[in-house]
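You will see chain A twice below: alongside chain B first, and alongside chain C after that.
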Partner chain A sequence: MNKKKHRKITKDSVTSVLYPLLFGAVIVVLWQTQILHKILGTDTFVLPLPDRIFTIIGDNMGAIMENVKATVIVSLGGLILGSALGYLLGMIAMAFPKWGAGGLTVVSAFNAVPIIAIAPILNNLTKDFSEDANTRSMIAKTLVVTITCTVAMSINAFRGFTELKPFSLDLMKSYAANKATIFFKLRVPNSLPYVFTALRVSVPASIISALVSEYFAEYIIGVGRQIRENIVLAQYATAWAYIVVACAIGIVLYLILLFAEGILLKNRRPRWKSV
Partner chain B sequence: MVGMKNTNDMDNSYLNNDMSATGEIGSEITIENLSIQFPDKDGGAPVVALQNVNLEIKPGEFITLVGPSGCGKTTLLRTIADLQQPTTGSVNIRGKSPREIRKEKKFGIVFQNPVLYDWRTVRRNVCMPMELMGIPKKERTARVTKMLELVGLYDFGTKYPHELSGGMQQRVGIARALAIRPEILLMDEPFSALDEFTKEKLHVDLLRIWSKTKKTIIFVTHNISEAVLLSDRVVVLSPHPGRVSAIVDIDLERPRGLEIKDTDKFNALVSKVRNSFEGV
Partner chain C sequence: MKTNKNKMMKLCALVLVAAMVVMVFTSCSGSKSSEASTDGTAATTAGKYYASDATAESIVKDAAAKGKVGNWGLGNEYEIQALLSKFGQDTKYLSQAFDMNGFDDDSILLASAMTYNELGLVKNSYKGGYKYGDGVKYIDMNEQGVAMLEDNLFTTKKFATENPNTTKAFIYATLKGWEYACANPEEAAEIVYKSGSSVSTEHQAYMAAEVKKLVETDTTGSAVKNYGNMDETAMQQTLDLAKKYIKLSDSTAASKLQTLTLNDIRDTSYLKDAAASAGKFGKLEKTSVKVQLKWLPQAQFMGYYVALSKGYYKDVGLTVTIVPGGGDIGETTAVNSGQVDFGVTWVSNLIAANAGGMNLVEVAQVFQRSGLVLVYKINK
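So, the complex of A and B:
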């Protein structure tokens, strides 16, 4: 039986890991041999060669890590705050079902406001929060990410609390379970897969909104801000180095999420595994 | 069905002692002039789900509510379980209201689907209601073991629901309902989603469990043959509005096996029940 399982995993790995890796390798080869430049009609100044980009990353590791730290603090801070707030909103909506679902529709309207619009407004609103420009900027940036992450979590948490298997509420009632018991024994565990659905949206969104909010921040730090600064200065190779780093942050955080999901949802119905 | 072997081979003698040791006395349910109406969603006349139902259920009796869709059989079961409130009339369970009995956690309910929690193993699913009742862990563990042996799933305790077949999941549901030592076992079309082979196996299982535990069982089904095989009495419900159109005594000898279905007496009783429906 183990052998069968092993074969299955190997087949999955080919499609889900090997093919994307091969595709990436082909792009890098086309890029390094400048065939990509010919296709796109550009030159190595605007689109530096991969080896040059990686040399820059290696040479500037100290500065890059400082910016990575600033970006990761903002995106993870906002992700945690936003997800916690979203989960709480989901709970409130569940507790007051009459207007709860409608209320969440209003909350989701926030998602329609572009980050580019929210970021400068929040910069302005938080300008008196601290004497220190770095702290002020961190607060503003984290708030942008928080808003971005709240909506996905609130809607998914609400669904997780309310989309129960048929009769599972009746079962609890038949044992005279009170609301708190129903919440902790049924609704919270039921919401876990929905939390991961939200996080699959929120983790990439938190990094994107952190990068964009850095563009507008008062204090110059962060991977996103470095991309902008270096493009303004026409230092495309350095800008590309930060773009690669930004991608790496996104991939690493998403892999951590998938790993956590794999452990925590290991024993759920197969549909949660196969997503 | 791998787990079934254990059950047939094992010694079930402890069950009699175990169940009687709790000092349970049988239940007695009196339903008087029970009517239930549901408001019409479009503002029209209310839908009459049940009209003027009168029924006496004896302690330790296996009683089946049988009828087509819309006859109110599930509504009647839910009313006994206090999951539905009567519009008029009353349900009295040994001098108490259904709510009091529910609060005392004396009902074991098996639903149309097993309602197992995906995040709990089989053992922890069976354990769940006992956790709510605050039964000590040691006692819980002992009871779970006994109940899983009873339904022939002892070897599957550490599995998760999605690793079991539909029939096995439903047996976990039955074990969970029995684990709290209910006085009344309510079963709402528990086998309707199962294939014929699994269903027959579970019929035999249920008859064995009932003979061991002596619970009062109220069983809802739309399958006449199932009703006759299992019950002491079959309550025939007819639709529009839902009402009791007949109560058929099933005087087949016990213990019953599947072979009883081939007898003339069985078939005569099936015909008698079938001919009792009105307006179908």
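So, the complex of A and C:
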């Protein structure tokens, strides 16, 4: 039984890793052999070959890492702040369920505000936060990411707190558990999978909003800013190098998230399936 | 049970209050910034700016030390970097937005401005102006010997070779438009305004008068009679500074940049032929062409709008569509990909594009001197 289960997981994980990898490899081969260029009707100027892109990445590792650091600090900082704020909002909505759900709908309207609209506004609002341009533009960028990450978390946290397993609330009440106990013993653990659902949306969103907010920042640094600068200067190969780096950041952070999820939710998963 | 419920309610209320306090605090600090900026303007008399007789060197050194030199970047920064280097400063600068708010609120002490655009907004009191009048002075890149040539007319080498008559006819009619516009800047401003202007009529008129100076004066301050002339010395200075300050991460492009000569970036033959012709060009290879501007419709490009509205393009047998730029539109990319036939860009942008692998060629140099200045406030 155990062995069978083990083999099944291996097969699943092999296919789920192998197929995307194979697909990626095929694309890279088509790209390098310029068949992709013929299919898309483009040239090696706008879409440079992979070897050139990777040469640029190799040549500029130091400068690239400096920009990566700036982008990752902003996206992670905003992700943590936004998620914490969202979780808090979810809690408030749970405590006052009558208007909580409606309130969250209002909060979710924030998600409709485009990043390109709030980024310049926050830039102006944070101008007096620090004498150092790098610091104050970091704050502005982090706030943009915070706003984008809050909504997903608040809605999911609210669902995690309120969509409890049938009878579990009745069970707690039959033990005469007070609200605090119900909250910490039932609602918080119940919200964990929902938190990860929110993070799966927020992690890519945090990187995208960090990249875009860099376009408007006062201090010139970050992967997104480099993409823009190089495209405007018609340096497409360098721009592509930074695009590849941006993708890598997204993939690495997402993998870290999946890894953390696997560890934290490991004991819960089988029980979830059996329910 | 009841007390527990109350406790819970109290806890939630506390959390809510805390959240509100945080929100109020953040919005407070937000409004503080605007208060501080008004204080800043009031403090002009206290002497926090520059003496009206201060040297360019002392101002640049002070602003650079404070990290308050601004530029838009995106290929507009090389003259500023050359000036910073000239005075032994680090070439870092603040990213300046496309308005002058950063200069107004003192987050930028030495701000980049084009004589025909931002400088007018800073000085003048018409709509959108910051009304500084004589309260500001500026450092001129031409006087500092770091001028790089700006608005030109370019196409791809392939287009020019395959369509020589069209290229000559387009240059001829365009320069005729510029000639008329410079002779009648007010009328030119009016024409641009009607063609879908991005700014007010007053600012358009100011811009036309300033652009006229750039078209008819060279970097040394002498008058230029032959419109579109590609002055060897100024072009060479532009190329030399470009090689020094355009930093390319792509090693292939970076080494190509260093090998570029004037012959790789400009061709004077089309301009010569256009000037020698009397508006007759034989059979045009292509009669319908598009020209991509570097920015939104404004008097900076009045020559093209005048040539179109006065029928100069029609006279040489061309149907011309003017495509306005704006934002991150890459005029070099648009021309290189064949979406448009001609483009207006800064010479340094063309150099960077050719280093990156494009085959662009300048066929006329419309602006004869740099229009970039660094503007600063003076103590009253």
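Operating definition for what follows: the second predicted complex is superposed on the first by the 266 of 275 C-alpha atoms of A that agree within 3 Å, B and C clash if a C-alpha of one lies under 4 Å from a C-alpha of the other, contacts with A are read in each partner's own complex, and residues count from 1 in each chain.
Please note the rule applied: a contact is a pair of C-beta atoms (placed from the backbone, for glycine too) under 8 Å apart; a residue touches a chain by one contact, two chains touch by 3 or more.
None of these values were measured; they are calculated from a predicted model.
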Joint occupancy of chain A by chain B and chain C, clash or fit: fit
Which of chain B and chain C A:Ser108 touches, first, second, both or neither: neither
First, second, both or neither for A:Leu192, with chain B first and chain C second: first
Touched partner set for A:Tyr236, first chain B, second chain C, both or neither: second
Partner chain(s) touched by A:Pro120 [first = chain B, second = chain C, both, neither]: second
Touching partner for A:Gln34 - first (chain B), second (chain C), both, neither: neither
Which superposed partner A:Ser168 touches (first chain B, second chain C, both, neither): first
Chain C versus chain B, contacts on chain A by residue: C
Smallest distance from any CA atom of chain C to any CA atom of chain B, in Å, after fitting: 8
Doubly contacted residues of chain A, that is, touched by chain B and again by chain C: 176
Chain B-facing residues of chain A, complex: 165-168, 170-171, 173-177, 181, 185-186, 189, 192, 267-270
Chain A-touching residues of chain C, taken from the complex the two chains share: 1, 4-5, 7-9, 12, 15-16, 19, 29-30, 32-33, 36, 67, 73-75, 94-95, 97, 101-102, 105, 107, 246, 248-253, 328, 330, 332-333, 336-337, 349, 352-353, 356-358
Sites on chain B touched by chain A in the complex: 78, 81, 83, 102-105, 107, 109, 111-113, 115, 117-119, 121, 128-129, 131-133, 160-162, 180
Touch list for chain A against partner chain C, complex: 45-46, 52, 55-56, 59-60, 63, 88, 91-92, 95-96, 120, 123-129, 132-133, 176, 178-180, 183, 216-220, 228-238, 241
